[in-house]
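The letters A, B, C, D and E name the chains in turn, as written, and every chain counts its residues from 1.
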């Protein structure tokens, strides 16, 4: 299980400059990995390229051992014709009902299962959407700011729970929260703005799990390392 | 210039429990104030109530000295028929061209002025939208996660710039970033989940301005105070 | 500049009207006349009143109805001496020799059309009631007749009648026509009309127009001119095959000029009065309209 | 709502009538060209009852025809929404048949179906279905990315689901068009009766037309207008009901 | 694309023809009920040239009529989009006029306008505009909140802007409907010619009908189909052009 990229280049049609230029990295799965970098640097583009180019011939992106790659993002919606709870039931594969229930509790969504999606707060929408993906079969789940509108405390709980519940899966977490990324992620791909000519770096995160105690020194060092690469 | 709330209560139709129940607070303007709290607690609802109830007879919300209240949020879009740059030009009132240019530089949007809105990254979309509002006449601008998808470094620059450029205006910043709120906001309304029965608290933030130096001790104390209220 | 509104589309049965324009009869009389096609929606009497037309062709029932509603219309000449509205039926069916032979037949009528009025009058004369025959509404296509669903079908003898007879004969079937006038019902058909105001203000113009038109009709109905007439008709009615047009012309002659001695355009006052009486009996008009006083005729000018 | 529809129709009708009578007055036209008030009233009294029943008769075919049209439009629209060969073939077929005016197709229809109820129904639905089809196609061909992404990514997308998502997201557009198409179905039925039938208001209009009875036509238009207003008002109410039933309660919109 | 449209039409047409001939064969109908192949071919040869020119003549009115319809539909749709009294009045008016079949209105139109080009154009556009109107109403009545919020909040909203936003967000729906309405305009023009004109293919169809010349009608249908396919293909290409011109380049969609 590995996600690898060898000299990936991508330019949007009608654009002159490449968003991604000669990108090389390799991260090992399973685990909670991240892509980090300033807004507009190309994180979303990279994620979409991973999904769309994976199975193409002579693709620059390799994902050996990973069959199913799912991409989730924070602006998805559930259909509005029935309650979010019943939508969850619909997309929950047989045998995963217990997992679903557990996730609902962790995600604190029990009170809004009867509501329609449009009635949820933004953070509730984020969480409801993410649960759906976690119930599916996948090898790699890309979470593109999937929890952007959730408060930090709950987000931490959710991340730790995901790590505990899915130890065999790989995640690619895209977020703008430096502390979070540094704390909970294993391999962090830091992209920096092309103008800075720094290219991309791989940084090792602290990869904390449930019940962790923060080692202030090494955590600060990791944060610094990321900031330097940024 | 003041925003006051005396026993505000709101229940969504078709819902049994009130989202906002007997809320009382008062915050002074001008300045950078915040509403903080867990996801789903009612921040967005409160913000919308402020906008929609302000001028109503026997409203529970008072905003003396504030004529124009604008509400911006992170999922707004600009029309797609011309470039974002030309949309900005269109909505920029006469005489504010210099301000617009300055904001574009601070927001780092110069490279994408020729692109259509749909071609921007999420963070770029957030910023582009916020600039529009800053160019308008207003007394109070509510920023409901308006910068949620922007990286922290840039967000800090933007907040500091806004505080410097608009010293006479009041802002209501809704965000899930605890550190940011504690650092840069003056009056922070902390809403906590109804189940915790804590009600709402006002906390004084550090209210740092451009060129600040972080006073670690008092900053940590503020953070702790907010966390306690949360 | 005058407008002349016909009752229906250009075809061989208006050969005289076509000829008048095409062969310069109007021009020779010093008139500039535009001949226009008509339809149920484009009614000559309406247009006379609205000033869209100066002369027109209307059937007797239209004229009588218009008079009943206070329109100012006068009849200048009666084109058809025999009403072309007749019924076609296959020759393998018993011939209708007496009105009583209608009994038990499946007859097509255009509900609301004057063939309905005529047929109802005929049935009344024969003492036949609704139950003695089967009446079916007809539309513009002949399928029910062709498929033998309806056996007596209303047609204009000199146009559709010719076409149908031709189509059937190609399949080896012969046809008869059932002509109401042979049974004493003379319901007048197309006539040339204008407004009373026109006659009063421009009697000369009316005279010249009618003279030119009728002489064109005389020429058109002269078998000696056949080739020339057909050529003129062909210019306006391009779709009808030549042989059909020739047969249509022959059929038209018999209706317009059934006898050498009859001058084209003469008004059969008796038939008009009968038409009025029939319409009165069928409650199509509120009261008598005194049709005789509105009949001017070629001699009356 | 319904009441408003009816009196608004009465205003429209009266405006039209006053306009016509004004022209009659101005040009000094006879009752034959434009009937006067007394003739209109007497005609109204005479044919009123019959015409009212005719319109109800027509309405029954209309309702039937509209249901068929909606079914046809959704079937073709759903089949034709893809830009594949088959999709575009179905579209070409649906479009071409529409381009053929009913007057040209009618004879063929009569040959095939005779001139009974079936022809009348078919013609009515052929006139009504096409505009519906266009809207259905317009709605069905545009993906709703932020909802569909999940189902596509997880291999759960079925055409039924796709259709449901797109229909739901465009519910108010579709209900507008469906309610509005009632008038088309009505017009279609009347045309069918005009050319084909021996019953219904279209048939009565034809007779009035043959007899140059404009007063009769005006009476027919009056009843058509009243009945269609009522029918459409009911459809709109139904549409609202469906919207509130099916979609999220809207009461919660604060801004 | 255009080429595909044409040969797809040919397939549809041939299918229809084969079906008719099959019925003829099966029921043993004679040439005067359903014409046989040789009669169709000879008729085709005879009237072909004339009909082709007639259809072109009709097309010229169609284009005119469609432009007028689009203008009318947008005017009424924009005025009627509000649920205010005036908005609903305009809608009631537009709906009621539509419910009146053209055959009933034609006599009145001729009284008012005479029988010239104007009547023909008016009838053609009356048939075509209504379905367009329904779609425009459907699109214009639904707010695009996430775009409109800013303009409303800052008092910048003008009706032009509102219309522009909603039209733009529904561009592909609107272009589908507009391109599709070409067939309606064609059908409308043919009907108008059928009742009113003395030129165009509708007029020729009327004559053929009057002569019970089904072979002629089949020929007319053939040319109508070909020309409408070409016209519509061109409109669709134009629609694509407008979409790519006006809207953001779509090439950048990665997923």
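Just so we're on the same page, contacts are C-beta pairs under 8 Å (C-beta built on N, C-alpha and C of every residue); 3 or more make two chains touch, one makes a residue touch a chain.
Everything numeric in this text was worked out from a predicted model, so none of it was measured.
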| item | value |
| --- | --- |
| Mutual neighbours - chains that touch chain B and chain D alike | A, E |
| Chain pair with the most C-beta contacts | D-E |
| Distance from the mean Cα position of chain C to that of chain A, given in whole angstrom | 86 |
| Whole-Å gap separating chain A and chain D, where each centre is the average of the chain's CA atoms | 51 |
| Chain centre separation in whole Å, for chain E relative to chain A (CA means) | 50 |
| Gap in Å, rounded to a whole number, between the CA centres of chain D and chain C | 38 |
| For chain E, residues that touch 2 or more chains besides their own | 33, 103, 107, 111, 149, 206, 209, 249, 252, 255 |
| Contacts with two or more other chains, residues of chain B listed in rising order | 12, 51, 71, 75, 119 |
| Chain C residues counted as touching two or more neighbouring chains | 41, 43, 46, 50, 140-141, 143, 147 |
| Chain E-facing residues of chain B, complex | 51, 70-72, 75-81, 91, 116-119, 129, 132-133, 136 |
| Chain D to chain E touching residues, read off their complex | 4-5, 8-9, 11-13, 20, 23, 33-34, 85, 88-89, 92-93, 95-104, 107-108, 111-112, 130-131, 133-135, 137-139, 141-142, 149, 170, 172-174, 176-177, 180-181, 183-184, 186-187, 190-191, 194, 202, 205-206, 209, 214, 217, 220-221, 224-225, 228-229, 232, 255 |
| Touch list for chain D against partner chain A, complex | 146-147, 149-150, 153-154, 156, 164-165, 168-169, 246-249, 252 |
| Complex interface listing, chain B residues touching chain A | 12, 37-40, 42-44, 74-75, 108, 112, 119-124, 126-127, 145, 148-155, 176-178, 230 |
| Interface residues, chain C side, partner chain E - complex | 9, 36-37, 39, 41-43, 46, 50, 52, 140-143, 146-147, 159-160, 163-164, 167-168, 170-171, 237-241 |
